[in-house]
Amino acid sequence: MKAAVQQSVPLAQAYAAIRAHSVALAAPLSAEDAGVQSMPDASPVKWHLAHTNWFFETVVLSQVPGYRPFDSRFAYLFNSYYEALGPRHPRPRRGLITRPSLDQVYAWRAHVDAAMAGAFDDESLQDAILLGLHHEQQHQELILTDIKHAFFSNPLLPTYCAAAPAPHAITPLDRISLPGGVSLIGHDGGGFAFDNESPRHQVLLQPFRIASRPVSNSEYKAFIADGGYRRAEFWLSDGWARVQEEAWEAPLYWLKDNDGTESVFTLSGVQPLDPNAPVEHVSFFEAAAYAAWAKVRLPTEFEWETAAPLFAHGAVWEWTRSSYDPYPGFKAFEGIAAEYNGKFMVGQVVLRGGSVATPPGHIRSTYRNFFPPATRWQFSGIRLAEDI
Amino acid sequence: MKAAVQQSVPLAQAYAAIRAHSVALAAPLSAEDAGVQSMPDASPVKWHLAHTNWFFETVVLSQVPGYRPFDSRFAYLFNSYYEALGPRHPRPRRGLITRPSLDQVYAWRAHVDAAMAGAFDDESLQDAILLGLHHEQQHQELILTDIKHAFFSNPLLPTYCAAAPAPHAITPLDRISLPGGVSLIGHDGGGFAFDNESPRHQVLLQPFRIASRPVSNSEYKAFIADGGYRRAEFWLSDGWARVQEEAWEAPLYWLKDNDGTESVFTLSGVQPLDPNAPVEHVSFFEAAAYAAWAKVRLPTEFEWETAAPLFAHGAVWEWTRSSYDPYPGFKAFEGIAAEYNGKFMVGQVVLRGGSVATPPGHIRSTYRNFFPPATRWQFSGIRLAEDI
Amino acid sequence: MKAAVQQSVPLAQAYAAIRAHSVALAAPLSAEDAGVQSMPDASPVKWHLAHTNWFFETVVLSQVPGYRPFDSRFAYLFNSYYEALGPRHPRPRRGLITRPSLDQVYAWRAHVDAAMAGAFDDESLQDAILLGLHHEQQHQELILTDIKHAFFSNPLLPTYCAAAPAPHAITPLDRISLPGGVSLIGHDGGGFAFDNESPRHQVLLQPFRIASRPVSNSEYKAFIADGGYRRAEFWLSDGWARVQEEAWEAPLYWLKDNDGTESVFTLSGVQPLDPNAPVEHVSFFEAAAYAAWAKVRLPTEFEWETAAPLFAHGAVWEWTRSSYDPYPGFKAFEGIAAEYNGKFMVGQVVLRGGSVATPPGHIRSTYRNFFPPATRWQFSGIRLAEDI
Amino acid sequence: MKAAVQQSVPLAQAYAAIRAHSVALAAPLSAEDAGVQSMPDASPVKWHLAHTNWFFETVVLSQVPGYRPFDSRFAYLFNSYYEALGPRHPRPRRGLITRPSLDQVYAWRAHVDAAMAGAFDDESLQDAILLGLHHEQQHQELILTDIKHAFFSNPLLPTYCAAAPAPHAITPLDRISLPGGVSLIGHDGGGFAFDNESPRHQVLLQPFRIASRPVSNSEYKAFIADGGYRRAEFWLSDGWARVQEEAWEAPLYWLKDNDGTESVFTLSGVQPLDPNAPVEHVSFFEAAAYAAWAKVRLPTEFEWETAAPLFAHGAVWEWTRSSYDPYPGFKAFEGIAAEYNGKFMVGQVVLRGGSVATPPGHIRSTYRNFFPPATRWQFSGIRLAEDI
C-alpha cells in the first residue's frame, strides 16, 4: 500500500505533464483549425482533446463515487470505437461537431482534471490511469498527423509551427549482422505495456542483416528516378492497384515546383526536401516496393525487436514485414479496454519504433504500432533487412 | 447621367443594408459553427460570406482602376462554379478551409466595402453591383438552410436563434379558378431580374384551379398515415427509388419521440410540429407524390405565375410541375455572369415564391428558383392545382 | 362489332409479323451473346425476348379464361419495373439468368403465341394487344442498341451483321423557317399512341428556323477540332462534369487508329467514319454543347413536332431542348399500364423522330422518346434550330 | 536424363487426366451457364477453361519452337493478373466475353493439347508443365465455387449435379494435445510445391490442443442461436462492420423457409441442412467470431501443419489465425510465375487443408491457400484450437 502511495506522486505528476502536453499541442491552432476533419481516417484536434478526456471519465472516474459527468451527452459524441459502450457518433462525421466549442472542451478537461486529483491515491485505479495516460500519448501523435493532413488539404498550406527542422547530416549506412536463433519477443512486464505486446515468448530467427538507419530521401529519390512508381514488378498486387487508382508518384506531402524542384509539406510549412532525412509518409506498399527494388526486404517485427538495441530509432515509424497477428497466448485487457487492440488484429501491418511526433517516453522496443498497408499520413518510413 | 447619380444614392444604401444583413445572419455563430460543411450540397457560412465578397471583387472591383485584391489566393478558394475564371477549390472540400479565419473574412469584407464606396457613382458598374446584391441575397437564404442542416447533423441539435415561431392559425383552403388562355410570362423589364426570367413571352394555358395556400403539416400527416411513403403508386420512379435508398418516412427534420409525438427541428431548436404551418423541407418527389395521393397535381410554373396575384406566397418555396428549361429566346447574361443560370437548365425542377428564409425584397412572381428533384434541405413546400 | 372482327384479322397478322421480327433480330446471336448484359442500363437480348413475352402473358392472357402460364416463376424474373405487380429480379442482375435457357424462352414464346391465337377476336383485349405490340417494337430497338453495346464491350469487337451500310451522299443543309403561332401538339386519336402523347393541345410558338437534316459526322468533327470537348463554355454544368469524369472526347463508338484515322464501331463491325452520315450516339449534353458552339440551339419538342412534315427524319433520334414533362391534362393508361410512361416524367429529356434501329411503322411525329441527358448508347443525334 | 524421360510418361498421363477433368467439370453446363460472372471475385467457367489453356500456351508452348498460338488476341482476353505480360481484360468484365464461344474455347484447348504432345519429353519444360497442371487444378476448384455462386444468383436456383451428398454421421470431437517445441514447417522438396510453401524452416510452438474435426453445422447453429451475429463482443472490428453492412445472419447459402426450417443451397440444389456436416462458406471473420464465442481460438498455420498427420482433413478449407506472410527466406518462382503467389502476401489470411471441391491429389499438408478475411464463397470452414 505504502509503495502504491509513493508511486502515486509520480503518477499525478505524469498525469499533469501529459495532459498539459496535449493542450500545448493544440495551442497554435484556432478553434476553426481544431474543428476540421480532412478525411475519415483523421479526426479533428478538438475531438482528440475530447476523446482522451472521455477516456479518463469512462475508465477511471466512472469508478469514483460521487463523480458527476460534465455533460452526459458527450459519451455519445466522443466514444471512438467501443461497441460495449453503445452507439456513438459516426467517425466520418466528427468534423461536424461544432458544439461543444473548443472552449467547452477545455472546460470539460479542467473538470476532469479536478476530479482526477482525488484518484491517484486509489491503488485500484492506477492501472486504469496509466492506460489513460498512454492512450492520451497515442492521440498526441495523432493530433500532429491529423492537423498536418488538414493543413495540407487547404490550398493555402498553413504553418503549424514556425521553426523548420535542422537539416540532417549524412549518415553512413551499415548493415548489422545478427546470428538468428531463439529470441525473446514481447514485453517483460516491467512498466506499462499494451496487451498486444504480450505474452513474452520465444521466436526462432534465421541469420539476417538489418540496416543501421532508415532509408533517406535521396535514396528513395533513386527509386523514383528508376521508375519505381511505374514498374509493377516491385509491387504487391494491392499496392500496384493503389498506385494507379490514386496516381501515386512520390511519398505523401512531396511537392514539385514548376521547374521540377522537390519540396515537402511539413508542420513548418513547405520546406526544401532534405536529402539526408529519413523518407517519411510512405505506405507499407511503398516500403515493400522500395525493398524489392533494392533487392532486399523489410525486417519482420521479430527481427526488428531483436536488433533494436543495436541501432537508433524514433525518427520515423518503420514498416515491418509482419502482419498484425496476436502473439501466442494473447489475452486482451479486461473490461472496456478489451476492445483496445485485439479486435484490429487482421488486415493491418506492424510498424515499430516511433517518430518525431511520438511523445517523449512513449517509445519502447516492444511497442507494436499497426496500420492498414496503404496508410501514408503517419510519419512512417523504411528500414531494410536481408537474409544472410 | 444625372439620373444615374441620383440612383446611386439608394444603391449605396441598398449595398450597405444587404451587406450588413449577411453579417447579421452570421452573428449567432461561432467561428467553429461558421466553418462547418455538413454535406457537399451545403457550404460553410464563412464560405458564403467570402464567396459573396469574392463576387463583388470579381464582377465590380476588378473594373475599378487601382483596386488591389485583399489576397490574390482567395480567387481560387472562393470561386463557386465559374469555369471561365479557371480552376477552383473543390466544392465538397469547402469545410476544410480553416484559413483564412472568420475574422480574416470579415476584414476582407471591410476591405471590399471600403473600395466599393467609390464605385456607386460609376454608371457603368451599376448593373454589376445590382447583380452582386441579388447574388448576396440568394446566399443569405443559403446561409440559413445550410446552418440548419449543419446543426441538424450535430447530435446536440444546437439552436440558431432563441425565438420560436408563433403558431399558425387555421387557414381555410380555397381553390381559385382561372380561365386559361394566353398568359404573359416572364419579367417585364422594370427593376432587376435574373436572365432566366426573360424574355417575357406568351404561353397558352388551359383552365385550371389552384389552391389558395400551401399544404399544411396536418394535411401532409394524413398522407403519411395513409401509407404515403410505402405505396409506390403515388411516386415517380426516381422518387420511389430514393424513398427506399434513404428510408424516407417523413419530411426532412421531422422527429418522432419514443411515444410517437411528432416534433420538428427548426432554427429555434426542436419544436412541436405546428399542424397549421405549411409543410416544408419536402422534395419535388414528395410534393408530386402528395399531389397524386390527393388525386390532383402540382401547378406548372406558368400557372403559378399567372395566378400569383391571387394568393399569398412567401412562406415556403413551392415546387411546380415544370422542369427548368430556357424560355423561348433565352439569352444568358454577358461576361462572367453568363454562367449564372443557363448552364443549370437540365435535370432540375422550378420552384416559385419564396420562404421565411428569403431576404425581404427578394421575392417576385417571375422569380425562378430551381433544385434537383430530390432536394429537401431548402424551405420547400407544396401548392396544389388541378384541371377544370 | 363487325368492324372490330374485321380489324382483328390485321391484328393477328401484325402480331405474327412483329413477334417474328423479334426472333429474327436475335437470329445472328448465340445463346451466349443473347445472355450478356454489358451495363445496368442495357439488358440481355434473351431478357428482351422474355420480357416482351411476359408482357403479353400479363396484360392479355391473364384475362383469357383457362390460360395457364408457362412457368409461374417467370413473372418474377421478367417483370421490368411494374411495382404494382410485386417484387422482381434486380435490373443490374439480368445478365445472371442463364436459366431459363434461350431455347426455353423460345418455347415460352411459342406457348404464348399459341394462346394468343384465340385472343384476337375478343374485342375487349384489342387495346391490350395493340399495346403489347407497340411495347415489343420498343424492345426491338433496344435489342439492337443493347447488343451493340455488349459487342463493343468485348475486345474482339464482334460483328452482328455482315452488310455494312452504304455511304451517305452529301446533303445540303437548309434552314426551314416557320412563323410560330398556335400549334396543335399531341396525338389526334387516330390509331395507336402512348398515353404520354396526349391530350392533344395548343401551344404558342415564336417564329423559328429548323435544319432540314441532322448534323453530320463531318460537321461534328469540326466541333471536336475546335476544342469542343475541352472548352467548358459550350457545356451545361452537369454535362461538363460528365465530360471530365468519363473523359469524353468524341461520340460513343468512335475509335481512333494509331495514325489518327477515325473509324466507328457499328453493328457491322468497325467501319470508316462516314463524313456525311448523321452523327449518332451523342448525349443530350453533347447535342446542346454542339448547338452552343454553332451559336444556335436545339428545337423544343413542340417546334420539332410542328415542323416534322417539312423534313425527313428517322435516321437518328433527335434530342430536343424539352424536358420530359406531362402534357396539360395528361392521364396515364389505366391498370397495369399506368406505370408505362408517367412515372418517368422527371429528369429526362425528350427525343423525337426515330432511328435506323426503330422498327418499320413505329415512327410517328407525335412520339415522345425520352432518356436521361447523359445517355449515349441509343442511336441519338442532333438537329439544330434557332430564333428568327 | 533417363530418369527424366521415364518421368515424362506419367506427366503426359497426368496432363491428359487433369485436362479431361476440367472439361468434365464443365459438362453439366450450357454455354450460357459457362459464360456468366456473378461477381467480380468469381469468373465464368468458360474463362477458367480458357485461362488455364492460356497458361500452358504462355508458360510452356511459347518455349516450343514453331508453336503458333491459336488466336493471338486471346493473350489479352485470358491473362488473369500477370503484369509482366502487359495489359489485360479487366477482371469484373470477364462475363462480357461472349466471343470466343465455349465451342471455340474447346477447340483452342484441343489445339493446345495437340501441341503439348511434343512437349513432355523436353526435360527443360517439365517444371513449367507441372506448374501448369497444379494451376489448372486450382482453377478446377474455382469452377465449382464460381458456378455455385452463379447459380445461387439466379432466383430459379438451378442444380449443377443431381446426386445429393450423403448425410454425415455424428463424429465425436476430440481435442488433440501437442507439446509444442521446434517444428519443421514448409515443403521438403519431394514432389511439386508452390513457392509460397518454401523454404522449409523451423518454428517454435507453444503447447496447444487442436480439434479432431471441423465445427459442424449443428454446433454453428448454437452460435447463431446465442446471438452470434448480433453481439459485437465476438467479432474483429472489420468483421463486425461487414456483418452490419451486408446483414449477415448465417453462413452464405443458408436459406430459411417461411416456417423457419433451415436448408442450404448446394451444387445439388436446395438441400436440408445436415447437422453433422462441417459448417462451410464462412468467412475468416465468422470463424474467428465462432472461436471467440466458444472461448477458444483458431490454430496458427504452423500449429495446423504440425498437427495435420493426426486428424482427417479435406472436407472444408480451414481458416487459420495466420496472416499470409512470406516464410523466412522466401524466393518467388522465376520468370512469369514470379507473380504467382508472392505479390498477394498482404491483407489475406491462410487456409489449410482442402475441400470437397479440391481435385484429388491436390491436397497436401504444406499447402497454403489464402483469401481476404471476408471471403465466403469458397468451401471454407472452422477448426478450433486452444492453449494448454
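Order of writing sets the chain letters: A, B, C and D. Residues in each chain are counted from 1.
Keep this in mind: a residue touches a chain if its C-beta (ideal position, glycine included) is under 8 Å from a C-beta of that chain, and two chains touch if they have at least 3 such contacts.
What you see is a predicted model, and the numbers here were worked out from it, not measured in a lab.
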{"item": "Any chain that touches chain C and chain B", "value": "none"}
{"item": "Inter-chain centre distance, chain C versus chain D - centres from mean C-alpha coordinates, in Å", "value": "45"}
{"item": "Intercentroid distance (Cα basis), chain C paired with chain A, Å", "value": "58"}
{"item": "Numbers and ranges of chain B residues touching at least 2 other chains", "value": "none"}
{"item": "Touch-based graph of the chains, sorted into line, ring, star, complete or other", "value": "ring"}
{"item": "Contact footprint of chain C on chain B as seen in their complex", "value": "81, 83-84, 182, 201-206, 232-233, 235-240, 284-285, 288, 300, 321-326, 328-329, 338, 343-347, 349, 373, 387"}
{"item": "Partner chain D, residues of chain C touching it in the complex", "value": "30-33, 35-36, 38, 73, 76-77, 89, 93, 95-102, 150, 153-156, 158"}
